[in-house]
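Once you scroll down, you'll see the structures, which are given as structure tokens.
There are two complexes below, and they share chain A, which is joined by chain B in the first and by chain C in the second.
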Partner chain A sequence: MQEILRKKKTEYRYVGKPVRRVDGYKKVTGRAVYTVDVDLPGMLHGKILRSPHPHAIIKSIDTSKAERLPGVKAIITGKDTEGVRFGFVETPHMPADMPPLAEDRVRYVGEAVAAVAATSEKVAVKAINLIEVEYEPLKAVFHPEEAMKPEAPAIHDVIYPSGRSFWQEWGVERDSTPQKVERNIASTLKLEIGDVEEGFGNADHVKEGRFETNVTAHGALEPHGAVARYSEGRLDVWLSHMGPYMKRYWLARTMGLPESHVRVRPAFVGGAFGGKIDLFDYEYIASHLSRLTGRPVKIVLTRREVFQATRLRHPMIFYIKTGVKKDGRITAMDIKAIDDTGAYRGTGPVVVYLAHAFSIPIYRIPNLRYTGYAVYTNNPVRVAMRGHGAPQARFAVEQQIDEIAEEAGLDPYEIRMINARERGDVLPNGDVLNSCGLKEALTRAVEDGKFLQKYGKHRGKGRGVGIGLTSMFSGAQFYPFGATGVVLLHDDGGATVFTGAIEFGQGSDTMMCQIVAEELGIDMERVSILSGDSELCPIALDNWLSGGTFVNGRAVQLAAIDARNKLFEYAAELLGVSRDELQAEDNVIYSADNPSKRIPHEKVVKYAIHRNRGQQIVGVGHATPVEGAYWYPSLTTGKGRFTGAYSFSATFAEVEVDFETGVVKVVRIINAHDCGYPINPVLVEGQAEGQGYMGMGQVLFEEVIEEKGTILNPNFLDYLMPTSIDVPEMKTIHIETHDPNGPFGGKEVGEGVIAGVVSAIANAIYDATGVRFRKLPILPSDILDALEGRE
Partner chain B sequence: MIIPFEFEYFRPSSIREAVDLLSEEDSIPIGGGTDLVPMFKDALIKPGKVVSLKNIPETHGIEFDGERLSIGSAVTLTEIAENGVIREHFNSIATTARNVASPQIRNLGTIGGNLCQNLRCPYYRLGYPCHKNGGKKCFAIGGESRWHSIFGGKKCFAVNPSDMATILIAHGAVLEIAGRNDTIPLEELYEGPGELSLKKGEIITRIYLERRENSKAIFMKFRLRGSIDFALVSTGIRIDFDGNEIEDASIILGSVYGTPYRAINSEEFLKGNTLTDTAITKASELAVEGAKPLKKNKYKVKIAKTLVKRGLETLRGG
Partner chain C sequence: MKEHSVEIVVNGERHHLTVGSEMTLLEVLRDRLGLKGVKEGCSKGECGACTVLVDGRPVNSCLLLAVEADGKEIITIEGVERDGQLNPIQEEFIEHGAVQCGFCTPGMIISAKYLIENNPDPSEEEIREAISGNLCRCTGYVRIISAIKSAVDKYSMR
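On to the complex of A and B.
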């Protein structure tokens, strides 16, 4: 497919502009229908009985009393499932490990043990309270380093594959094997680049440290929920989620249905942030209960269930050693990462990989050793959350870089400029940085914040500045490995975009419509979109893969170009000019050479349909994250191409610390972000700012407090997320690098920035207090303790 | 989320009726329900009869005769925060109300409910079988004690979370209780963590306080988040001056003990003194004298001290 680039950047009408959200009107007028709003005739309500124990054997379950309660239509336990386990990760050697309902054992507080469908929520709650479960509590373990000890209780013994794995379906001819779990280690990643010992031998300064990050929660306003309707062998579901393909795949597997018999319907999503990716017990349970009862079933989780029984951010421990030359060049780095992945694998193996993969595009490190463990504990299960490994890794690495710079007599800006990567760099895994605005972002953030004038000036006196760098991928080779976009032209010249990419608040729908309006030369109002319907839309990467613009947007762009090419074919015929001289603007196609030769889109489309055997113009486009790569990188060796483009950002943070109360006040955050090209600058700024306060929350007070596997603050009153009052002054600087493979040069912006924010604030707190904090969050009590120690 | 049990709901229009209903077994008064309804949902309290106090004329209205302020117990926190008379003559009370919870909760939540609100200890709210939930253990001891008492306790170490109590006690507020002839000092409402001196069937109808000449008051609240957050430590301070000299001082600490905590030593010390730097420092140290922090709440001692110091400095300043 030939792409004809006709316009210069300055001539864009819709891309690069702060166009209003296409879904905004529905949302502000309350017309948007979220999953929690879906109400179907004859619908039943489901409730789940969850384990109060972190680790126990289920000796018996007695449902007889509940069954006799009027209004109860069905009750299920682990015995009633198809026996298929699911999981975010399933590879030939790491079978999926999560049963949709506990089988004979529970491994975390909140694990689903039984479920009820009843005529009302009230009856359903009464019924689950009537179910009697006899447990035999087992020894439990809650800290990953404890869990790795030989004497620790084994949470999983042997994990058996449940049927043909996903990889086999997609062409990897390797049989799945059972996994014998040793020392509770869910996965191990080991890699070495260069010669680390030699690298440290050549270093003039070496620094070592242990860093630890916190469990945080996504805090999406809309609680998790599902409505399932099973009828005539087909399953229809409304879910609150981040991409229909992961959901459809696992619903089909666990329910024993062909994929095409599962339809994930579009619904508005009230926030996700990584917390609504993989299949959840309640989604399977609603589907199963609907099949049993023949009626639609709705389950909406309570806020406490959302915290305790869905997913949380991975807390990680890092042991890091860095060596640099006198001049600041990094000679070696040795990282050991330990992830507490909770009672099931969740995304553990992935976060361990990503903490590394999101780091290598930042600094040139000739000799690097990385060892990572995802470790089972009896804590709630962890999953992706904005940045997925990056905030954890940056918190550790960016602080150590500052520490070693200080020892080497360099400032934090200098040492980063010396080691930062540039465009054209080839990463150890083969990925190429076709665009890289890292140094420019760093310089702009530092200049804008007057970092060099301020740094160290008030050291230990309550005011400080810090910087942090980060990078993020733009889609990876994970199911469904790419995207198809479809653009359909209507007889009035309007267009509809079809894409499996889902709008969950980030602005995907708006961005897609902008791209299509721009490429077709029609008004935005003439473009409508149907997105995220697994049956009516062509595939796209699930949007948690951060390929929303780079891959899904690219597919839609190519579809629009394809439609335009077809349109021009007919227009050339009608106008009697050559196709190559045509332009489209303001709903009119005209000859660039002779602008009086012009014809509205509408007429061309009608001509195509009317005089050419009903040929409605349909444009189709395809895109994939990494050309020529077909698999996700290895989660045990880190080998393999990862993504087609990295975005970069640098954060400047300024803080004030009150030594008498220990309160840290973030005064200012500046994010300089290279998203390639901001197709919608306001949406980009929204993403950057949202990550600004999410990152600030993670450092200053967000903390899921787990005690023996039970969350003590499972609500929005006690789990403290910043409110508008807490948000500091924030600024986004756009760094445009125009990635050659992104639509209009665009790439990722949704989740990288937060990691820079977390690390910049941590570094600023050091500058203000003179004390290095290596554990998150950094609470007033920690500051007061540390200052007391210093006195 | 639904309330998983059945109850009868009453909306009496007279005190008499309300008291009769509340004298029955298994009944409970409700104001705005912002504290109670979430507890119903979690089945922590399962009354059979819920009696609203919002339909009774005597529990409404804010009146001021130039000397005495009278606030009905069903007056909402928003009404208090926005009331002209309170803002003019008792601004520290309006400020306190404004710093409670969120606008939505203040619109519903009543002053009576705020003063009588239940403990916030997470173990209690999550239904752990602790002393306060009919069990035999305190989970905060040896567990997560960051929010708890710094002045000890008997069995329970939860703190009284009411911001309004802190400032109103500093102002010397008294309560009118239905069925009793005399008012009682608000301070005497509190007997221990989650323990009130109200007997079955007794409700607060009004709150009174006197305006004093040459008196200044302030409320300070320490919390991690700027809004919708309970105090980790708060203080309500009122100082009556005679020229520069302190005639009387009231220093109440909130969220540090099972009841609002009167810093009696610093009050005594301040009487007859002037607010010099040394006096302020001394008074703030005396305020936390005898503190016995638990494993994870030492920071609250330092913060309490800082709040008292800053409160006194502000009162001196303007």
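On to the complex of A and C.
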């Protein structure tokens, strides 16, 4: 039984307050230990030899010279890992396609070919340089639209299942089948809602366009790394990652171990942004080498490897057609999305789905056709990056909305207000918007930025404003389908919270402690947390699923309530009052009816333990993203419930464009964001600002330049991220909508905002230049070319 | 590989070490002295995560050879706290929410310390300039800048 004692909001002590983060002290003193800081006794260092070719047959590998190098303890190649496969996506019809070490063929520059464990990193580097590989280069393809042509080289032929699929293990009764890859298409999503042709028939204005987005890099400051220690049939790993359960599942499966024998240990994570989700070659390789040598093995990637051989943001191409009535109502939209997913599937099928799924909560579109393809190329592999499909889709759709508004004689605010969704809307897949602050966010951003006073006033004269809307999920039905939280009460009335949710900078640990302190009525200093340990903590949604607050936070809240209920049982007994009249605050439990009846938590806990001879009070709670749904939506039809709550945001951006140099200066970004309820406003604002910064980078600077699959700028000198000098004024407006199913009404904040930022800046650049840019990034040279009428 | 003996003072403690000619100061600090608070983000002088003070000036320790540090005095993030008391910059970083993942933080704090101790009244431009070699991918810098502004006020009150 879960009972929720609702206090009035003004009475909250910790929740809703800008509480200092609980890991702040460790981080400002250099005491926080990250994976790259972990050294174990007897530890070896691993290095990976990577392919210089985008597509080639491996004819032979000669490791003999390297083997003779003193200090080399083990060398492995694809022969040693034959048949091992993993992947972000594995469904019965889409088998995992990625080997940890290439077997007979390499498909991208940077693919692992051989690996060494040695007594030092220097020896390991020397050793991989002594390995001789003979390749026979094959024809390669680097553009998804080229790759889809029948004459394009086939990157994968038939992909065979490497065991029971992930979903089968979790109850989907469908046998895994081999996938014959046609025209390099890794996956196809097709859906139609309403009658699109009829919708366009009813439209007064129709607009069509092609939009293209860039490959960007996550740029997390901590390079990817792993420390693995295999001993007595058990594997301990320290990883730089975003959630222990995806990692544990795939490590257990690929290493042939039971899950309980794989322990993902907690470590601080130096940034992730979607880029550290799925299993990486080096994580498996470190584990394998540790088993082989009987010693711990550490692998830390170089920055070049992080760029070339881990994961990048999906570049996408959109063909969009939108129809509206004279009054601005959207009658139909037809979207074709093409994703270049790289040489392995990565998250291709998911990003194609999400570009749709994160769009559908924004506008009411009665007739919609969406066709999406994830396409293999010989480029590096792509994965989620903040927003995962949303920045790509918003860049395209929000610009087309502005274009068609202009044609219809409406302003960008009006057309959005006419079409924006509201609370209570039911989406085509059955998801319900139980909270939705979209229109309020839009209105507040527009008012605060004085959008209507400024819009079009300096059209083509170097100053402009733009807006963009976005929405994001709050957790989905992906393994482990929800979260369990545990709260343990100690002798002194203090508490420890256990959660599988992981802290990677976003402030998850702090939020959890706030929730527990609030629900128990104890000081936050009395709450400690153990998070992200796959063995010691109960399961939670991996935090890349954006359910950190809504699902994992909710589970912890319910655990705290459960502990409090038990505490109140004993307090009622001791005070001789009824349980229902009890309140807890300031480490004291008291009767709300008769406040002189009071007792400290400490006494109650001690009483409970003593009376029951050692039975400690343990609160347990659990939560799931969508009640009544059991699986992730279909990646081929888009059918099925997705999430239990969407967050929304509206971004206002103001820019100045220098027509001499083409340089765009972002003057101001205002994000009005509906995260339901900001449990910690500073953390929420920090997320919004980080996305403002990153979104600006994506539009104006950032581009991974791939030349025949080789990244030409795999470092921070040439891959330009905005610095302290570039960041504009940023403001966050909190829109509180109190989702009924979120903890204290809270929902997602970490990744939606960026999509609004990207689209608002793009629209502002149009306002400033009078030119529509349909390709990211928008570089000074593009602006000068456009202004001078060059292609 | 040639070995050299060097003497460095790190956070007030004197160390005599034998180092290879290619060894960087960063490697000495992290791997030999166990000062893991000094972070390595790029190994190429591009991110500032490895910033330490060498004879009072901020230096990317990944770019400085250990032999070049011979005879020098070095302050790392581990040496910023005094007698169990956080430095005002550290305090304000926590207070303002200038820390997210924390990986840039040690280097960022060292750069801020150099700024404030050499320019007691920096303008916002000067603050932005002072940390422009320290990349932060999480925060968007706004809270780092405001934390440093507050730390400036606190320093002047000391």
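Here is the rule we use: the second predicted complex is superposed on the first by the 786 of 791 C-alpha atoms of A that agree within 3 Å, B and C clash if a C-alpha of one lies under 4 Å from a C-alpha of the other, contacts with A are read in each partner's own complex, and residues count from 1 in each chain.
The rule is short, and it goes like this: contacts are C-beta pairs under 8 Å (C-beta built on N, C-alpha and C of every residue); 3 or more make two chains touch, one makes a residue touch a chain.
Here the structure is a predicted model, which is why all the values come from computation and not from measurement.
J.: May I ask you to decide whether A:D281 touches chain B, chain C, both, or neither, giving the answer as first, second, both or neither?
T.: So A:D281 meets neither chain B nor chain C here.
J.: After the superposition on A, what does A:V682 contact: first (chain B), second (chain C), both or neither?
T.: A:V682: touches chain C, not chain B.
J.: If you stack the two complexes on chain A, which partner ends up touching A:D509: first (chain B), second (chain C), both, or neither?
T.: neither
J.: Pick one for A:E748: touches chain B only (first), chain C only (second), both, or neither.
T.: Neither partner.
J.: Which of the two partners, first being chain B and second being chain C, lies in contact with A:D411: first, second, both, or neither?
T.: Touch partners of A:D411: none, neither chain B nor chain C.
J.: In the overlay, answer first, second, both or neither for which of chain B and chain C A:T29 touches.
T.: A:T29: touches chain C, not chain B.
J.: Once chain A of both complexes is superposed, is A:E222 in touch with chain B (first), chain C (second), both, or neither?
T.: It touches chain C, and chain B stays clear.
J.: Using the superposition on chain A described above, determine whether A:D236 touches chain B (first), chain C (second), both, or neither.
T.: Neither chain B nor chain C is touched by A:D236.
J.: May I ask you to decide whether A:P18 touches chain B, chain C, both, or neither, giving the answer as first, second, both or neither?
T.: second
J.: Please determine whether it is chain B or chain C that touches the greater number of chain A residues.
T.: Result: the larger residue contact count on chain A belongs to C.
J.: Identify the overlap between the chain B-contacting and the chain C-contacting residues of chain A.
T.: The overlap between the chain B and chain C interfaces on chain A comprises residues 302-303, 716-717, 721, 723, 725.
J.: Residues of chain A touching chain B in their complex?
T.: For this pair, the touching residues of chain A are 121-122, 125-126, 129, 302-303, 660-662, 700-701, 705, 707, 710, 712-714, 716-718, 720-723, 725-726, 779-781, 784-785.
J.: Touching residues of chain B toward chain A in the complex: what are they?
T.: By the definition above, chain B touches chain A via 1-2, 4, 122-123, 126, 143-144, 146, 222, 224-230, 296-299, 302-303, 306, 309.
J.: Which of the residues in chain A end up touching chain C in this complex?
T.: It comes out as residues 18, 20-21, 23-34, 36-37, 218-223, 268-273, 302-303, 504-507, 682-683, 685-686, 689-694, 715-717, 721, 723-725, 727, 730.
J.: Could you pull out which chain C residues touch chain A in their complex?
T.: Chain C reaches chain A through residues 30, 35-44, 46-47, 49, 76-78, 80-81, 86, 90, 93-97, 99-106, 109, 127-129, 131-132, 134-145.
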